[in-house]
Amino acid sequence: MKEVTIIRRERFSSAHKLWNPKWSEEKNNSTFGGCSNPNWHGHNYELIVKVKGEIDPETGFVMNLKDLSKILKSKVIDKLDHKNLNLDVDFLKDKNTTTEVVAVSIWEEIEEDIEKKGAKLVSVKINETENNSVEYFGEN
Amino acid sequence: MKEVTIIRRERFSSAHKLWNPKWSEEKNNSTFGGCSNPNWHGHNYELIVKVKGEIDPETGFVMNLKDLSKILKSKVIDKLDHKNLNLDVDFLKDKNTTTEVVAVSIWEEIEEDIEKKGAKLVSVKINETENNSVEYFGEN
Amino acid sequence: MKEVTIIRRERFSSAHKLWNPKWSEEKNNSTFGGCSNPNWHGHNYELIVKVKGEIDPETGFVMNLKDLSKILKSKVIDKLDHKNLNLDVDFLKDKNTTTEVVAVSIWEEIEEDIEKKGAKLVSVKINETENNSVEYFGEN
Amino acid sequence: MKEVTIIRRERFSSAHKLWNPKWSEEKNNSTFGGCSNPNWHGHNYELIVKVKGEIDPETGFVMNLKDLSKILKSKVIDKLDHKNLNLDVDFLKDKNTTTEVVAVSIWEEIEEDIEKKGAKLVSVKINETENNSVEYFGEN
Amino acid sequence: MKEVTIIRRERFSSAHKLWNPKWSEEKNNSTFGGCSNPNWHGHNYELIVKVKGEIDPETGFVMNLKDLSKILKSKVIDKLDHKNLNLDVDFLKDKNTTTEVVAVSIWEEIEEDIEKKGAKLVSVKINETENNSVEYFGEN
Amino acid sequence: MKEVTIIRRERFSSAHKLWNPKWSEEKNNSTFGGCSNPNWHGHNYELIVKVKGEIDPETGFVMNLKDLSKILKSKVIDKLDHKNLNLDVDFLKDKNTTTEVVAVSIWEEIEEDIEKKGAKLVSVKINETENNSVEYFGEN
């Protein structure tokens, strides 16, 4: 079977902090360092989503990248861009917004919409800085 | 077994359009949007090829990257760079030049030459723009 | 006077060829090489526009980058993106579409709109490939 | 005179919002769009500082880039990185944190230290996103 | 099981040459080209390490990226950065410093420390230039 | 006068060290740090050359970028790439190979050839790492 992976990059700029509400301020600071600054900090996040499927012989597409982009925009970017990940995002409420947690949460938000288009979600990657990234491939 | 993957990036600048000749102009436009512009458009494509094998104890190489580059240049870059993908390329004749189709077609052009060098082709990735990419891992 | 420069990047993907209609095919080929391919080739162009002015004490802006982006989109990107620079663009008609000529032509298209916003156009830069660029600073 | 420019890039990840306290919420929103989100947003900022001087014949340096980096770290990065530009930074207090204002303010913080090293500050550039930047060359 | 991959990039700038001491100078030159220059050459290497594990519900981390960075700095970067790979590095002694060999050697240096942190090493990737890279996924 | 600047990027990978032969080893180490490692280190250098002139109405070029590239290749890249800057390069003999010194020396090597083509050399920029760069604009 000739399955091909298509890849779309989107970007969002958000504030956040790392914080475990069950812990003391001291423990939060020693664990999360500058990332626990109470007044927040922020990033230009890159979101890279991989989707797999067979090529449609009519279009030559696995899935129209514009459709993938629309799903990512409505389900992720519109909710996260120029927002506070800890305070403003319904699907991150009460979560500690590490890049790991954000990646898994985004997977859960978009998987169904991508399957409806007849394709399989392969991975959700987030670049938080040019040195730090996370990639999630779903449950195995 | 200690297999290592080596990766080579090449670049080509080409014109193309997305077009299904069995369809009306209207359907082509609604499906492919600006990509169906009759006078063509173009891209700086990046081609990223991964090849796998064991390290030769004499050279420390899986395969000399210069040999991989030569295969990519003679079989792909010389044929696609500063060309029209739809009109000028023998192995894309009568194909709809989506990035998916181009990636699969390049795989078919280079696989044999790489195997002759004693290595295995792992994947062919094409970055069409900084946001849109495709990767093909062969039939499974 | 505290003048500050603001910088906006936009992108467009276009087909073109280099061709002097007064010359023979032979002379075109020997001068322009692969860039004179009759069936066109193309690029992902980057457009980088610099604009200068004093900071408005009310907004903290020299000029809202969204307004600069709108000018660039309506005057340049909408006309060039997914088009053929030689055939589809009103302000490049009958011009040889070298990056130099495109940069000067874009300057002439946008200068007035930027001055209407109370700012000065500093430069128009175009990256044609990752190795080849052109920058125009206006007449001196 | 053989003056040479040396260039150092540093990075900081901060939260901020654009807000004029003299304006209504409505006017802030219509002017600054998503950038006025009350719960903040954030960026991976790049700071690019250019410094000019003659080459010291003993060292071959205009100025040791490690010394320039130390000035930038102590005067800028330590104060801005993983902080809220509006709330946590002494030299941005009560300012509207547009990239223009941040660039001018950084210039004022570092100019003296660089002159003490016998070099001249040429410019302070900030990349807020991959598309939006600001550069300040001092008063003219 | 919800395993997530975390990715850290580090950089080192080193001199090296490709050389098989059992071969004649002629054979070294014809095999390795400019890479066998007796007076060495060098690169800005990028090291990209992927590590996998389950998310700790207390921290939201697979592993604190600062701990991963510390392992990479003490076991790799401190030993390779601003050094000669052939002469100065204990774990590369008497090896031919192809990127393949360096990647496998780095894997062997760091695997144990990462397992002690409760995570699994997934891959070691080295970018030698912007066009040439190698990735090692361990023995299979 | 409508002068336009054209810009060409080339790359070279070289070994070097920073060393003042008149100084003790101790002073060299304290001044140059890791850059004085006796067994050398190295970089992937980027060379970015800007050249200015009027557009030739016949070609649409300031100067054919292929001609600029040829000058840079024969006068600079062929001599520096996969070489030791301190030992192998005629025009760097007995110089301390700081990026400042290399940039000025490259200017002197290429200025005449560019003027012969009817254009003016504007600047020579060298990126030594992604954070450290130098630019030289000639004597003023």
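Letters A, B, C, D, E and F mark the chains as written, and numbering starts fresh at 1 in each.
FYI, contacts are C-beta pairs under 8 Å (C-beta built on N, C-alpha and C of every residue); 3 or more make two chains touch, one makes a residue touch a chain.
A quick note: this is a predicted structure, and the numbers were derived from the prediction, not measured.
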item	value
Given chain C and chain D, the chains that contact each of them	F
A-E against A-D, pair bridged by the larger set of C-beta contacts	A-D
Repeat of interface A-B, chosen from B-C, A-D or B-E - more than half of residue-number contact pairs shared	B-E
Distance from the mean Cα position of chain F to that of chain D, given in whole angstrom	28
Chain centre separation (chain A, chain F; CA means) in Å	42
Overlap residues in chain C, where contacts from two or more other chains coincide	33, 130
All pairs of touching chains, each written as two labels joined by a dash	A-B, A-D, A-E, B-C, B-E, C-D, C-F, D-F, E-F
Chain B-facing residues of chain A, complex	1-10, 50, 55, 58-62, 64-66
Residues of chain B touching chain C in the complex	11, 13-16, 33-35, 37, 39-44, 81-84, 87-88, 129-130
Touching residues (chain side chain F, partner chain D) in the complex	18, 20, 31, 33, 95-101, 103-104, 130-137, 139-140
